[in-house]
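By letter and in written order, the chains are A, B, C and D; residue numbering begins at 1 in each of them.
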């Protein structure tokens, strides 16, 4: 029984190959998380259990896919950045996106019980749902995803800055909104109305004057989101020329030079394997820091150049 | 703190819209399942627990996405067929594919414990792994996926036939191979060598003469794979003109007629919502049957025309 | 001097393959023809010389590319339909579109002098430009183009109907507009204002009552556009079951049957070559007829099934 | 007669938008020019009339589309480079490619008579065809085309180097091949055999020792191809830091800085219009020079940064 008669259907398949020498960002988003967070009784405006589960799943993805350089997460979304010279899955878009989405989903579902241990949800908290936080087939957490290519380092940095600014704007709003509702006794409609047209300073003022909350003392995980990456020994800012206009220029020089094009002077296969191994061994950390300013990046040149740094604790060569 | 400075990065995003009036097939595949099946000690050549978990996850996906008409699974792959006139997610490819992949993955991971209860793996079976079948972060089941468009009903049928023929070819081979190894005491290399160049009848003969196995008595789930779909009252073959050349023509007439183009005489919004509801209520079943011949399709016209049939048990209008 | 160092740049090239088993329409449009028609003094509302040049260029394209079944043109646009089973250039989009655009442009420019002989433009016509109709580098006629895939015969027919309805709507408007201006002495602004909110019957009435023009007597080339195709002996409508609902069904039956999928029962290479040759020999004609109703298509089944018909003048087999 | 019934067919149209912040290269290629060059009796290995016609058509395209920075041509192909920040036609691929292809074709066909005046082809040259060089519908020159995106300046430079190295390799081969045939009296088959396995130095040696031809004295248009671009006053190499490793680094610094992203500090609309006008006024020149080394580019920074330079003859500001 030959299969050749039907095999022509493969000709309808299409593979999109992402443009070489561009930074690939895979962004995943929780599907219907507004409903899901109500169902499982997530705390408002931020549920540390849910955020830690996101971070845990992201850490798993970064560990499982060494080609990912850095990931940034806020609320129910996460962005994963792949090295611009990566050849993972020959840069086939569908394969890259679905692998990230599936790995993240699997880790999120498996990690759920640890982040939402049953007793917590059965406690005296008024917002706990009757059915607890036990995951059910009726309300499964799922994520959609997409890939975007950024041709320059500046474009990539701007993308990440965009997400972190969004985190700030949303969190300041949500913090104020829920303070008005939970502590101020407003209805949600009234709180929404109250905040219409306000700017950042207005919200800071409301938080401070009415509820004694200094927004800057709020947890950094809420205010800045989470950055997941491989940590090596930090570079001295001075030595890398960081901290100023010159530092930026210094960064830029490295970008379009040979290593990133796969063209002149490409790294050898053996070297590539060595890098992959070093990355697998490296410690993946989660930080809640500013990634808009240069400092974070200047101190961690491996995030840009793709070369593993010195393991933490090693003495720098002198 | 305005975000407008960075928002230009959205211009780098691309949405691929799948061609209207084509059948969309989303096929997912287990990633590294050879390794995973060893790790968790899946039985060879078929592990009914693993197959049932696949079917369970597929059933969840079909229930969760009413636009899916039928799904077909074999081994660690599953194909989901979306109605040719579907406008789900405006037919955005990434959104459709990642939603299916994520939903399947979530259901697979959550359903694992039920299909692989711990005690089984700790039993006396020699092939059981030391660490049992408890799912761990070290070896998460994940799936990649892709979408393919088929412009005609015949193309779609040929696609599904292609998968079912593949199922047959692979399962016959695997059944013979593992009989030679497990019951015949051959090494895997010897068994592979032994089967080189054999055709179907040779393998049937080996199974029968050496192991007394009549391949046709093997479980249908192994031989034919699994079809998941909404079941309604079957149509009488005679009444639909099925069962022969004429029947096929009869089928073809319906294909390119108005209802599938969204053009002339489109269904109303209210009618569409009614259909969606009827689908949600319909029973989703799993069968292990021939889907290459016309019979299966002629009896279930709703799989092609997208209109819910009569609920099972209802009397046909006379 | 090896070239290998630079050849990696080929990896940035992408080929889009148009979905198999779909009708491919390449539509070209004149670029800036409003300006160009003023520059060369085209007559308003229709310049028969310019339309004949369009038809001539289209005829050249249909002759040069046997895979094109039919073309339809109106004003400065033309649509070329490629057989749904064509494998021209392996269905690479860019290659198909640019070949059509370049062939059309070349034929248009080379054919210009014949359609716009110098003396005509130097005549006493008041609208003739000082520089005559001699083609210059300063104002070259150029065309952009795009390809669209249509999965079903009905979609293709609707596409062509869309273009012909557009032709009708625009030509009725333009005919009335220019009658008001040229014969009624209105300014263009006044004529535009006058026609605001009018429907077809209003315009017909204006033409008739004010200028004694019966729109239905206007040249068919203006009212119906131009259809370019290979003509064979017409099929008797009765014999093909045309002329009614049944006829349409009859047409539909043929659509999704084997011949169009390249799957079951594909035509042999030798047969394909024979078809190609027959097409090259066939007479390409230009007609100004209704292509919205079924009649045109029922009488010319080769436009749908891709098989050359009987040469004109041959006796049908009996 | 409303057209809304058919307008749904527009939903099948797709627009591909080329990735922002990448250099766009549109490469066109003559279709079947081997046959065409025989038909019209092109001289071998190079026909200066045909090359000049290519250059003339390319010059027209560069003048007509100010967004094109530089073009490079060899034989019957031409590559047009669009500024990385161009928003021409909203970067729609089909529109960009077909406009370039159509403009080039139109200029080529209209320019033919001037480059191939009739008398030349009727001369005593044995290779002149009976039908002369008058362009006919039977053998129209046409071009296909494609667009490729290059994310970095280095990638673009490597692309252009690839084409120029190709020019060199092909021209050295063709020059030697035709010397063997035309002056050495070899058959084409014998000449081909003779050159099998030879390297550049072998061919140079054959040319010199057998035919007294110093390849380096061959016309630069044949050896280096043609570069078409807007010329302004050259920059002093010293002042731009060109001419060495440092110069290259100097170039790279500029690449990913703000001006090219359309992000931070974008140029104003008014400034953009000013640039467009300056470009239209600038003289478009054709040179036959080395574009692999840095010198050409260092002296003409406007080819990279997109800013018009000082008009030739102006005094530099001091």
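Criterion: contacts are C-beta pairs under 8 Å (C-beta built on N, C-alpha and C of every residue); 3 or more make two chains touch, one makes a residue touch a chain.
Given the structure is predicted, the values throughout are model-derived calculations rather than measurements.
In the Cα superposition of chain C onto chain D, the rotation angle, rounded to steps of 5, is 180 degrees. The most distant chain from chain D is B, comparing centres defined as mean Cα coordinates. Two chain pairs, B-D and A-D, are compared here, and A-D has more C-beta pairs in contact (counted per touch definition above).
Chain C and chain D have Cα centroids lying 33 Å from one another. Here the CA centre of chain A is 44 Å from the CA centre of chain D. Chain B and chain D have Cα centroids separated by 52 Å.
Touching two or more other chains at once are residues 5-6, 8-9, 12, 14, 19-21, 149, 155, 158, 261, 263-264 of chain B. Put simply, chain B touches chain C in their complex at residues 19-22, 149, 151-155, 158, 249, 252-253, 255-258, 260-261, 263-264.
Across the interface of their complex, chain B is touched by residues 5-6, 8-9, 11-12, 14, 17, 19-21, 261-264 of chain D. On chain A, the positions that touch chain B within their shared complex are 1, 3, 5-9, 12-14, 16, 28, 31, 60, 64, 94-95, 97-99, 101-103, 105-111, 135, 137, 140-150, 155, 158-159, 161-162, 165-166, 168-169, 200.
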